[in-house]
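One structure follows; several queries about it will come next.
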Amino acid sequence: MTISKMGDQVIAFVCLLSLWWVVSTIVSNPLLPTPAEVFSALSKEWHEQRLLESLIVTLRRVLISFIFAMTLGGLLGVLMGRFRLVNRVLDPLLIILLNIPALVVIILLYIWFGLIEVAAVTAVIINKLPNVAVTLREGGRMFDHELEEMSLMYRFSFRQKLLHLWWPQLFPYIMIATRSGLALIWKIVLVVELLGRSDGVGFQLHLAFQLFDVATILAYSFAFILVVQLIEWFILQPLDRNASRWQKGGGNV
Amino acid sequence: MFEFTVEGLELSDKKILAALNIKLNPGETHCLLGPSGSGKTSLLNVMAGLQQESIVKNVKGESQNLWSQRKPDIGYLFQQPRLLPWRTITQNLLLVEPNKEIVMHRLSEVRLQDYADYYPAKISLGMARRVALARCLLLKPELVLMDEPLTSLDLPTAREMRKLIKRLVCGHPTRSMIYVTHNLDEALELGDTVSVLGNAPAEVIYSNSINSLSREELETLLKH
Amino acid sequence: QEDLQTQLPKLKVTVIAWGTVNWELQHIKQRQLDHKNGYDLVIDRVASLSAARIAITADNTDFIVSDWLWASERNHKGANLRFIPFSKQVGSIIASPGNSISSYASLKGKRIGVAGGPMNKGWALMRAAANKEGIDLKNEAKIQFGAPPLLTQAIKNGQIDILATFWHYGARLEAEGYKKLYSLKTIMRDLGLKSNVPMLGYLYKAKLGDQHPHLVAAFYKSINEAKAQLAVDDTAWQALRPFMKSENNKIYHALITGYRSGIPDEFSQQHIEDAANFYTIIDDLKPYPTGLQLNPELFHNALFDKGSR
Amino acid sequence: MTISKMGDQVIAFVCLLSLWWVVSTIVSNPLLPTPAEVFSALSKEWHEQRLLESLIVTLRRVLISFIFAMTLGGLLGVLMGRFRLVNRVLDPLLIILLNIPALVVIILLYIWFGLIEVAAVTAVIINKLPNVAVTLREGGRMFDHELEEMSLMYRFSFRQKLLHLWWPQLFPYIMIATRSGLALIWKIVLVVELLGRSDGVGFQLHLAFQLFDVATILAYSFAFILVVQLIEWFILQPLDRNASRWQKGGGNV
Amino acid sequence: MFEFTVEGLELSDKKILAALNIKLNPGETHCLLGPSGSGKTSLLNVMAGLQQESIVKNVKGESQNLWSQRKPDIGYLFQQPRLLPWRTITQNLLLVEPNKEIVMHRLSEVRLQDYADYYPAKISLGMARRVALARCLLLKPELVLMDEPLTSLDLPTAREMRKLIKRLVCGHPTRSMIYVTHNLDEALELGDTVSVLGNAPAEVIYSNSINSLSREELETLLKH
């Protein structure tokens, strides 16, 4: 069953790929490279040792920012969702953080703290954190009142509440924050690298942009997308399936 | 002896409970009868401490001292099962009592040993109620609150569960119970004392020993 | 050698990875002109001009290359930057094929692409010149600002008629057969600017010049040596070819020619006067002129003072 | 009560403002301007007629992109959440769209369609759409099975289901998509304007950015944030309150 | 006459229903009795067409023709109220019957006219059940399925609701009903025919006219 599911996705991929191939072959313009061209750009970057190195550097930044943004943003969001006072007081700050342009935060942090790794990662965290908070705030708001009372009467410990009461209710919101979060963080990391780092995918992408080397741009993009797709297949989708087991339509027993 | 006094309860500007006093000796069962919507569940919630704000708001002054002495240790069987839907039945029970053997034993007492690994969405309502009953019976409180534990059960099963409650709760020398039901047989069998709630403006129309009442008198009180 | 490197004071220059400055710096490295002049050059490559500008603002580097218009705006806002000429290339104005534009008047209604936004020098000069003939290009032509690579593409696709862009983008277009519209030198002369003011230069903080004047001097000396060698030595360029990303020989040679014609003359008082005039012209073109004057201190670096004294 | 709620927020605002004032006065660096400097930059931009004009241009782009991204993304997301097959087939596409760098989409669209308004807005929509879809997919997944059956047996019309069954269940997810969506779209519009438009807040920000004119950067950011805060106060928060009326803890009756 | 035949039902590899055949004349009421978890609700779901996939999967062949002729127009009172929590009681009813007067009349028949503007979270369980009953009684189907409509109600209210059902459903010449209950009095009063489901592997142990059985015989069947 899992295999046939994978099969569907592989077919979908192949369809996309052939569509692209056909269109790009017909157009035949270096600005819309064919899959083959992108692949050769990919293997060039790989052989010249830039691809893996840039990817690792960027992924490290993405990972660190992701962990911090999710933890802090999640905590903040849930507290805001549960406690009206917290929400009222912090809401304006949240709106400001949410809407302050990424560029502004990045520049200010770079200028104030210098072009150091910490400034880069902090900038990404500040950019992503309010999104997580906004998402998990809705989760916190929708907590089931009756189950909450139950956990009180049956003397659930804090740990039990966390694991068995709150986590499952927050789960869909956490998945939203994770999926759109990974994407957002990666995009911001690109900008951060563009503005003040000398390595990483963002740096390479922009060099390619200046030479208008669309094949290389796409090569780097797809390399990262592949990583995300693997995360999706081997971490997120199994989690999804696991979490939907208990639902009416879900898996066995 | 537990003594519970509330001067009234309003929710969203509607009077839910009139002034009310319930005395309960250790080991005794007090039955709570009354028409649908008369405030039985609300009363249990107040006793369990789940309506804090409202009480503080509406019963000024010494409102904190709802219980004459300290608040007893309470176990509460809700009117609805309130199982965690994302945990199997056994997992639900294990959260209350970590000893797996005790849990499986309780589960077999409510005749659900075969459904140990089912998720709540995949068992019938009557079964879910029995799981909730089993969960409540895993606690060892001084005071048990039960809100219509035996509805949605067929007669033989209900009778068996009644016996189980009688054995585990009523049979316990120091464990008291407040038992809400619409079923007079249950009330007469389990109760030592009884309160009958009237209809609107939710007040107590009778509160005393249940043995001093005949079944017919009780029925007439309820028809009120 | 190792010891030498560690002992020599380091100078960090932040440049765009495939930019023109990088060629000069790579040449210095290859010929060890830095060590000969008693410092160790550290080339820090970034992906964009913005990154370089952030780097100097954040005190993260010693030199970047940018134009003195930017530097003087920053100086007005409290930065204290100094300028060493790098190139007198201003930028190119390129016409798409089939657009024979004879006078400023014929620019009316044309679609003009301007790379890098309204601070583009070529564009400013063109506007100023047109202004003199009573034509307000800003309102009478269709202006499209954008990133240089996008505009290169736009002119190729026929989406714009005229393109004011950076000289190396222009050089590539010329190598592909596009026509250079005006010589900016002519325009500058038309505007009454007598000399060829170098627009681009190495910027550093005055602090560095005050504390280590000999280091700045050494740096200046080494880049002058590099320029002198690159001006005549074709084999030196062969070694730089990997840093130029030139797709074919034509572009390669166009880039070399462009670089060479950008090598600035000896800096003189005339240059400063022209720069001040230029600054005023540009300020006047703003919708709300600030009335600020160029502070000539910008050019008063250690060497120049020494030279004039 | 509503007034006292506003009061809380005003106090929070004032606290933030004074904190900023104190810090910036102590630091006294043009790169961290005081509120007064930002305000004077704001009034300068206002008097020179740029502020309102840019804001309107940008808001128009934000609004158009928002409407399209929400409608298309929402539809896609809900369908993916409801129907497993749709999800399996479209999931890879979603991951690609989600993670393809904004820069790449913007560049490709500008190249293919020219530096025109439609390309700009389309780029923004393509960037935001997958985020909405990911959010509403979770919403579609969490639909209540029992109420669905009920609506079937009680012969709800499609319109009734939409208004009374699906909308309230999707509501928290729609709020997430709206809040983080507005923020995201505005940020992408900035990039789009920076790369290929000659007007709008992004264009102005870019000019200010080139000169590190932090006061003007902040002035434009706050002008937009003010707009969002007004939307929050007068549209989103009333909606929130309205939607939580039925909950246990909610308003009257 | 409606005739319903199912060859069995499995859910998640567990046998829920044995082969089963129910005949029902227009205007007749068929009572469904059986222990908790015996598959009564599942049977109603199958009848209502809410278990499509499983049936197709498990009862191959002519599985589509569960009903001898066409599938009747069905109204279903679920075991749980299933009200839309974000709509007031009146709004919930108006979704089924747009005529406000009829709705208010039904609401007063279940004695809830005073709670018209309440949200479901703010009424008691017994009240919510009555709202669901009122909603079901707004439909005018050929066949009504009722799953334990009168649990959680006090005796006088239950009796009144029973009368209401009798009047609106049983009193209707062509409206048939399948009525699930654990209450023998209700079954005996409302039912014309009866099926008794046995315990595991869910099968029918009795199915015939209810009048041919005494109350005691029925009780013995259920004890089984």
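Each chain gets a letter, A, B, C, D and E, in the order it is written, and its residues are counted from 1.
In this section, a residue touches a chain if its C-beta (ideal position, glycine included) is under 8 Å from a C-beta of that chain, and two chains touch if they have at least 3 such contacts.
A quick note: this is a predicted structure, and the numbers were derived from the prediction, not measured.
Across the assembly, the chain pair joined by the most C-beta contact pairs is A-D. Centroid distances from chain E, each centroid being the mean of CA atoms, peak for C. We define each chain's centre as the mean of its Cα atoms; on that basis chain A and chain B are separated by 48 Å. Measuring from the averaged C-alpha position of chain C to that of chain E gives a distance of 85 Å.
Rounded to whole angstrom units, the spacing between the C-alpha centres of chain C and chain D is 39.
Shown for chain B are the residues that touch two or more other chains, namely 12, 80, 122.
Along chain A, residues 31, 107, 111-112, 146, 206, 209, 247-248, 253 each make contact with two or more other chains.
In chain C, the residues touching two or more other chains are 50, 57, 147, 153.
Per the touch definition, chain B reaches chain A in the complex via residues 48, 50, 74-76, 78, 80, 82, 84-87, 91, 95-96, 117-122, 135, 139. Interface of chain D with chain A (complex): residues 5, 8-9, 11-13, 16, 31-32, 85, 88-93, 95-96, 98-104, 107-108, 111-112, 130-131, 134-135, 138-139, 141-142, 145-146, 172-173, 175-176, 179-180, 182-184, 186-187, 190, 205, 209, 212, 214, 217-218, 221, 224-225, 228-229, 232, 244, 247-249.
Of all the residues in chain C, the ones that touch chain A in their complex are 16-18, 44-48, 50-51, 54-55, 57-60, 147-149, 152-153, 245. Those residues of chain B that touch chain E in the shared complex are 11-12, 33-37, 40-41, 79-80, 122-127, 130, 148, 151-158, 182, 184, 219, 222-223. Chain contact summary for the complex, chain A toward chain B: residues 146-147, 149-150, 152-156, 160, 164-165, 168, 243, 245-248, 250, 253.
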